[in-house]
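Order of writing sets the labels: A, B, C and D. Residues in every chain begin at 1.
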Amino acid sequence: MITKIQGIFTPNVVPFHQDHRINEGELRRYVSWLIAKGVTGLYPNGSTGEFIRLSFEQRIRVVEIIADEVRGRVPILAGAAEPNIDLVLEACRRFADLGCRAVSVTGPYYFKVSQQSIEHYFRALAAQSPIDILLYNIPQFSNEIGLEVVKRLAADCPRIVGIKDSSRDMPRFMDTLNEVKPLRPDFSCLIGCEEILLPVLMMGGDGGTIATSGVVPEAVMKLYDRFLNGDIAEAKRIQFKLLEVIKTMFAAGNFPEGFREGVNLRGFDTGRGPQPMSPHEREHFNAIRGKLACLLAECGYAEAARECELFRSTRLAETRMSVPDVDAIVAEVLKRLTA
Amino acid sequence: MITKIQGIFTPNVVPFHQDHRINEGELRRYVSWLIAKGVTGLYPNGSTGEFIRLSFEQRIRVVEIIADEVRGRVPILAGAAEPNIDLVLEACRRFADLGCRAVSVTGPYYFKVSQQSIEHYFRALAAQSPIDILLYNIPQFSNEIGLEVVKRLAADCPRIVGIKDSSRDMPRFMDTLNEVKPLRPDFSCLIGCEEILLPVLMMGGDGGTIATSGVVPEAVMKLYDRFLNGDIAEAKRIQFKLLEVIKTMFAAGNFPEGFREGVNLRGFDTGRGPQPMSPHEREHFNAIRGKLACLLAECGYAEAARECELFRSTRLAETRMSVPDVDAIVAEVLKRLTA
Amino acid sequence: MITKIQGIFTPNVVPFHQDHRINEGELRRYVSWLIAKGVTGLYPNGSTGEFIRLSFEQRIRVVEIIADEVRGRVPILAGAAEPNIDLVLEACRRFADLGCRAVSVTGPYYFKVSQQSIEHYFRALAAQSPIDILLYNIPQFSNEIGLEVVKRLAADCPRIVGIKDSSRDMPRFMDTLNEVKPLRPDFSCLIGCEEILLPVLMMGGDGGTIATSGVVPEAVMKLYDRFLNGDIAEAKRIQFKLLEVIKTMFAAGNFPEGFREGVNLRGFDTGRGPQPMSPHEREHFNAIRGKLACLLAECGYAEAARECELFRSTRLAETRMSVPDVDAIVAEVLKRLTA
Amino acid sequence: MITKIQGIFTPNVVPFHQDHRINEGELRRYVSWLIAKGVTGLYPNGSTGEFIRLSFEQRIRVVEIIADEVRGRVPILAGAAEPNIDLVLEACRRFADLGCRAVSVTGPYYFKVSQQSIEHYFRALAAQSPIDILLYNIPQFSNEIGLEVVKRLAADCPRIVGIKDSSRDMPRFMDTLNEVKPLRPDFSCLIGCEEILLPVLMMGGDGGTIATSGVVPEAVMKLYDRFLNGDIAEAKRIQFKLLEVIKTMFAAGNFPEGFREGVNLRGFDTGRGPQPMSPHEREHFNAIRGKLACLLAECGYAEAARECELFRSTRLAETRMSVPDVDAIVAEVLKRLTA
């Protein structure tokens, strides 16, 4: 019997070599680390995994590596948002063969597409897919999958087993719980918005795809565990504590760079993402990295401690440097005076 | 000692006579009914009160009537969003004289205004207002009051005692709780989004300005009471139950018409709002009214039961009518046959 | 016989005294100066006139002053966008009595309102207004008046005699010309977007409400005159030349402050607008003022020349100051050396 | 010597077989037809060519076919917007080898990316591309390439030879002409908005990528020819005449389906696009197809005449059918009467 999708799934960043090839060794090491830290499952090819910036072959390869490394230890939800329905189905077949639990598919991106067309698209997918499908709602970046469409798909398509909602829209999530669950009690409602994981769980959500769980899996899994055990006070404390970490990673700009850096600070050679960063942004980014290192160090993650210290001493040095360097000036003046 | 603003405040709709004058009698009767039903306080001149469609004199008059009717039984938060700072301050003085607990002021509307300008605006208000101020964040309709601005105002301006956030943005509300409360433990964080009242309360919010509490105050106050008493299961049941009522009132279109109709169904002669409705919209609206009546009847509000029954029998009649009127056809055919 | 509305109408800024009262003297002097410079007509209570930040009485007063000063020399289009239909009609009656040519009315602002409701609203206005009406489309700030609505209103309502479109949407303006003119050849299509005045005229538009004509009426009227006389090359030269002035005024932020400053630089005591500006913005603003002064001086407007010179010398002084002040350092060092 | 890019470039739709393979035969026939009709050049892999819905290999293949069919008769601007910079450069190399005149590259899509990052991205491209680059600004679907970035790129990167602006923002296009041309007189400013082709040409634009020229190349090329020959009146007549055709094709929904249907009506077997359409949309679409056929027939395109006639007679039949079928009713009634 296939069980409902529940818990915390980690949307992994992809580590790259300098020549832009996927760093398979680090990806494997990272994934096994995540499993050791207790995450419920993995979620490759999400937005955090920058699926949109990889080639089709790279997206398949990411899931191959992860499936091979995981070897059934935890379920995999594999992103299969491809440019057209033929390629989505091709990805579905591959991911089914690799033993993934389900695929996740966004609404079409780039062009604006009508709700009718989106519904028709998912019906066609559901009719032909050899693997369960999660609707992936992320209206910031692709066409919204409206709640009315979700309801009709949930009612009619057994292949569609849930929604991962990254819209950051809690009122909509409440309506989803209220209107879809009665139609399909097995329909999984996952949140893709780190800041509201706990309120979503408390209202009856089934879990989330939480990028922060790729950086501080200990904290996110503890929050989830405390929630499951009814220790709401401690779960709340952790949720609020996480907010600053989350905000800092988003403040890095150029999502998902802040999250990649968080993973790096936990000891993985993540390399650089496919979207180049300007030197000026790189500078801002390094300051964020320092701040993040100190946040992680404060949380007790030893890997980040050295980096934090380094950051603090550099800042001190910079502050000192900006104080007029009297010695140098004196030397210069004396030189002029004696010239 | 002045206490922190907490609980459920009802943003009242304004009943009108046919000639567009405020229906003072019904407004008084409505307000006293709300108090009898246990709402924490009143919130005139909010968006639900269509402050933007009233004249300055009407806005003042609404608060005068309510203050006179309330006579200190519950606190009043009075909307004082006026076209310019002189008029806001004039309203502040009037509402202070009337004994209101605080005023609520939106960011400037119509023009786009910078965050710096908004901060400067509220600082100027805070420096001169004789009454406490709530920031009213409603970016759908007026310039957003950014969280950074809120933090600086909270830190520097004792006159600014809280925020009423109607942005429907729960992640932002979480950040507000996390970043403002440590600076100002007395700073009140109220939500203005009915759908997420309970999650907000559970995460530490201080209450809300909840338009639905103007229609079914019994249910909203019971939710709040159950929350305060730790009966989360029942509070959740009520929150979810309310979602359909809320959705129906929004589905009426032309906010706040659905809420006005809800109040009407509870037995008040609300009249029609200042924004005219087209005949076609009126028709759609009547269907919504019927549905709302039945929802309220199901919840046990007897006033709505007759209306619901009427609605159901009309629908039946309409359905019947659309069945080909055999008698008429027979008559016609016979006429032709015998012609 | 009433003639079609055509030409360049100036949306005037309102000069204020320090105590926020309207500076009647300067307003009169400014209006007469505009007429002397040849503008086709005046357009008080537009967005440039910050109608939204004035009280109802102030809006009426602005038109009274202008009507009295103009004394029929040029036509007046008076903004009558008020919070509700009763107040719009009250303004219509007043402006009709003052001899205005027409009123201009935006779609409702603040709340989102359906197209049906907007159509119904303008039909109700058209049925009761004693004065011709221009639709004022400015979707940046108020509900859009969709083209389908414009077409039906133009076809059915003789009182509605034109549209002033500030949407900055040239494709829509093209469609308006193409679809409305055949229904109502007398329907006036005015543009409210300075940057595309000439293309609009060349495609058959009837003119514009051009805020820039309140700052450099000579240039805008010359552009219009050159266009009317078929000297497109010179009209183009002026249009392009104006772009930098326009951009500079918008770059001041807090619209319409840049335009107010432009009028000030032409020699009018405009005072400060009702929306306060933060000290930091004021600083940015002063730099913009300097740049604008130099642009105007280059165009030959002598009033701005002194200001430009002042600006340039200040900048020079600032640049000089930022060069390390070697003398001061030497003095300091010598003092230390000899200490 | 390489000449500046000027004139009308046709963004072709891609014809497909029923099994979703590219219909090479029809693509060749279509392209040669366009050349015969006099279009300046071709623009494969634009939004009209649905580049986003093809695989990388298909995008390359489309240009291979077209380059082979064109054989240097007209210049080709080939869309090279790929998921990451390595793939863009790979496409650039292929298209350079195929003899294309230039490539066109959008800002990154899906994720929001900062202006700094966009600038850095295009600088990196320009440094390594073996072929000239056109910036493709289409903020509806991908990150806007801000004017400040365009200016810096134009000033510094000889490889970047122009912009194709599909933003529908004429004020911005005016500023582009005004601010970029003085820096780089050879910089080509093309419009990608059919409705404003003529105003853009009159103000100094270099031409456009005009999807409508793929449907009625005769009309668009005549407009351009009349403009070049100073017959503005006739050019205006054509521009306005085209507006209804354009609007009808957009009204089909699911861009670029309306344009695909237009090409089909001109006698090409375009097949169906990669994005499936719901049955309900298909119905709406067929009505649009009929309307479009009649518009084209009125313009004298004989291929569309039969389709138009068919459409008109079907509509008549439908209208007839909706009239109560008296005979059937009589039969039924008589049956009942005699039962």
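Criterion: a contact is a pair of C-beta atoms (placed from the backbone, for glycine too) under 8 Å apart; a residue touches a chain by one contact, two chains touch by 3 or more.
Just so you know, these numbers come straight off a predicted model, no measurement behind them.
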Same residues or different residues: which describes how chain A and chain B meet, taking over half shared numbers as same?
same
Among the chains, which one keeps its Cα centre farthest from the Cα centre of chain A?
C
What's the distance between the Cα centroids of chain A and chain B, rounded to whole Å?
37
Dist(centroid_CA(chain B), centroid_CA(chain D)) in Å evaluates to 47
Show which residues of chain B lie in contact with chain A when the two form their complex.
168-171, 174-175, 177-178, 193, 195-196, 198-200, 202-204, 232, 236, 239-240, 243-244, 247
Inside the complex, what are the residues of chain D that reach chain A?
20, 47, 52-56, 83-87, 108-114, 116-117, 119-121, 124, 140-142, 253-255, 274-281
